[in-house]
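What follows is chain A paired twice: with chain B in the first complex and chain C in the second.
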Partner chain A sequence: MSDAVIHRRTLIVVNDQGLHFRPCQMIAVAAQQHPGSVILSRGSIRADAKSLLELLTLVAEKESVLELEVIGDHGDELAGKMSELFSSGFEVSHPPV
Partner chain B sequence: MQIKRGIAVSPGVAIGSAMVLGAENFRIPHQYVSADAVDFEKKRFHTAIDAVCEEISANENLARERLGDQYAAIFSAYLMIVRDPQLIEQVEKRIEQKLSPEYAVSQVLGQYAKQLQNLGGQYLAERSVDILDLEKKILRHLLGERREELGHLTAPVLVLASNLTPSETANLDRKFVLGFATEVGGHTSHTAILAGAMEIPAVVGIGRFLADVSGSETIIIDGSHGLVIIDPDEETLLKYRDSEERFRSHERRLKLLSKLPCLTQDGVAISLQGNIEFPHEAEPCKEKGAAGIGLYRTEFLYLESNREPTEEDHYQAYCQVLKAFPDQPVIIRTLDLGSDKMPGALRAKYPESINPALSVRSIRLSLQHLQLFKTQLRAALRAAEFGDLRIMFPLISTLLEYRQAKMVLSDVAEDLEEQGIPFRRDVPIGMMVEVPSAAIMAEEFAREVGFFSLGTNDLIQYTLAVDRADQAVANLYRSGDPSILRMIRNVVNAAKKHNISVSVCGQMSSDPVFLPLLIGMGIRQFSVTPHAIPELKEVIRNLTIPKAEKIAARAETLEVARDVENYLGGELRRLCPDLMQLD
Partner chain C sequence: MKLCDFVVSGAIVPGLPVGSKETAIRAMVSSLQQAGSIKSEDEDNIVAAILKREELGSTGIGRGVAVPHTKHGSTDKLIAAVALAKEGVDFASLDGEPVYIIFLLISPPDRPGDHLRGLENISRHLRNDHFCKFLRQSKTQEDIWELLLEADNNQI
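After this line comes the complex of A and B, so read on.
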């Protein structure tokens, strides 16, 4: 996919607890639906967004600014979905797990 | 020289060098795999992942049922980690570089855990613990139930471990394992029972001591006195070499007893039957002079392998035991799984409960898994054609439970009838009396039940509220407690009134100290650890019924366990001075 389209978005963490287990899980579930690679980065730290393990290592607290990179067709759909997830604060109504 | 004190569970002396097994520290066997094994090792990794996922899914369902969705979410996050694409990719890459999957998993997850820990914060530190826990889960599946080292012995050793599971104990190679000692465990833990049956000198419940053993020193395990001696001095070593010899000559003397009839001095026959775990124990048990099998612990069929035994497995096992005892009773106890005995196949369905002894175990498990239960009952009814097989249900706590179990048995008989498969119809059905509620209601039970067998191990644990394996309270576990004697008295009276037989099959009956008391209370049938038979026979042959009754009457007036046990010990010394000489 050398000529693959890359969709980029800047996302801001708005929920109080930051990217703890549950949001990371939601991101990974969404990313795994996409056939191409999905990268989330915070500064120089890059994480495979399909991997909960890697997402945790971003240690993205409230108000962190993250860069999303979706590679491949229909990447804009996923990018849109991610924006929604982030801006809704992951609709986390229960305590962090 | 260091002397460690524990609980003596299997007599004899073993002297040799030690093999030390850690607690949860899995030792990763080989770091590298051969080039042609890469695909096989990858498959093994995926099988382990699948198994862990199954385990976690079971936990997830349980959490959802009991605690609600938000708690179940914890497990779905774990599931995601086990199936994490990065984890799988990185482990596979390492396997391709010829690293073993065990090593690869440990390396990859270890790195993530460390990374999270270094990032700081309580939250991430806790997550790193979760990840290490998952690592352990995967390794457990990769390495299997058995720890690698035990399977590959080539020279005689004494096994020193934090703990040995019953299945590990059962699988010990008697050729190479001269004795064992563990940090945890009590008198009546199943590991201890197995050690006795296998006649391997053993001491359990020593408390932390493994750190004091380097592995190169000589060790003495004194299974008669519950001692482990690390790096003994010359004098001690000589003393033990001598006592090793004396123990053997005592054994030889007792062996002569096995041919003599089991009668009291005034000619009353006492039946000494054997407790067994495996069919191949039946023959040696007969050689010890057993008058049948009073307790065949069939759950070891499940613990031996990781798969569920088939009807044919059960049938073959029962037939083998009946072949050794064609004319004598063989009492099959239906599976008593759960608590400290749970086979791998079922562990996923029953993850650690808060209080396993009060949870789904034994007959409760059977009644929840009717297919499992029926398979065993079918085999038992079929095998009953070839001898005096009897069926006994464990851990019955209410009449309803007993009736339910009996109903399942009738269903099974009906099925066999319809299918035209030969079986015996009039198999005697009995129950273990091992829950205080059953002992209290003995009178009502005796009207419906074919025979009683007193399971003193659980009866004591449940009556005195003492976990038999818990070192911190093990000293509170007392067979001589007056409350226990009173329960036994109640059960014996009920059995006598309704003319059904009552035997004792717990560890209490294998202890010569309690034998005169139990005979004096009116019990004429015992099922004991086979190696205890000759010794118990010696006690019986020195006893008269009036003497036993006198001992029981006196013991039943005492108020505390210590007084009961001291009194009985004194009486035994007077009855059989030879028996005590070994001490």
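After this line comes the complex of A and C, so read on.
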């Protein structure tokens, strides 16, 4: 992993309900497709983005700023997908529950 | 926020009867009603809302745990029930395994931050294997309440 490529993005939570259960589930499902490490951080809190339980510990309310770190080849694809998920508000068109 | 701030002590069900996801959810919502945390006329509506949420994707998160939840105007603060199902409940969990520990949350629609903090609190403790093991071994409401207090005080 000495020459592992690291892809970083700054992501902003735009949906009113923040990173509740379903957005975290969507992030975890997307992250699990990537063979390398995927980390989401809010300040000093770091979460393995493949773990729903860890993502839920971020307590990311609306307008929270998160840092995404994707390690490994093709990580830019996942970083792009994560950016789309965040900017679309996780496409939650139904009332948040 | 601590577990004992929002878990209703009278809504701890140490032994859910054998049954389905729906019967488990119904029993837990009923325990919140019997504890005086929600009105009886809201019970069916809350159960329906939680089941509707489950249709979007199971809240069975693996590790034998489920966290069914809804946002509902019948409460003005975050409340939760806890139940143990010794025989396991088929929750259509992500890992396909039965669920033995259930935390059921109801939060007011206008307090998304409290909802997130409740989920954080539960998730943080559920990551602790000792907490899950001791919880599954608990036999009474008192045992479970004591365990939640210990978890809140970082004694596990």
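Basically, the second predicted complex is superposed on the first by the 94 of 97 C-alpha atoms of A that agree within 3 Å, B and C clash if a C-alpha of one lies under 4 Å from a C-alpha of the other, contacts with A are read in each partner's own complex, and residues count from 1 in each chain.
Everything that follows uses one rule, which is that contacts are C-beta pairs under 8 Å (C-beta built on N, C-alpha and C of every residue); 3 or more make two chains touch, one makes a residue touch a chain.
Keep in mind the model is a prediction, meaning the values are calculated, not measured.
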Touching partner for A:Arg42 - first (chain B), second (chain C), both, neither: neither
Which of chain B and chain C A:Phe21 touches, first, second, both or neither: both
Which superposed partner A:His34 touches (first chain B, second chain C, both, neither): neither
First, second, both or neither for A:Val59, with chain B first and chain C second: both
Contacts of A:Lys50 with chain B and chain C, given as first, second, both or neither: first
Which of chain B and chain C A:His7 touches, first, second, both or neither: neither
Chain B and chain C footprints on chain A, overlapping residues: 20-22, 25, 52-54, 56-57, 59, 94, 96-97
Complex interface listing, chain B residues touching chain A: 70-71, 73-74, 76-77, 80-81, 84-87, 112, 115-116, 119, 121, 123-124, 127, 131
Chain C partner contacts - residues on chain A that touch it in the complex: 16-22, 25, 52-54, 56-62, 94, 96-97
Residues on chain C engaged by chain A in the complex (per definition of touch): 49, 52-53, 56-57, 59, 61, 67, 69-71, 112-113, 115-117, 119-120, 122-124, 126-127
In the complex, chain A residues that touch chain B: 20-22, 24-25, 28-29, 32, 48, 50-54, 56-57, 59, 94-97
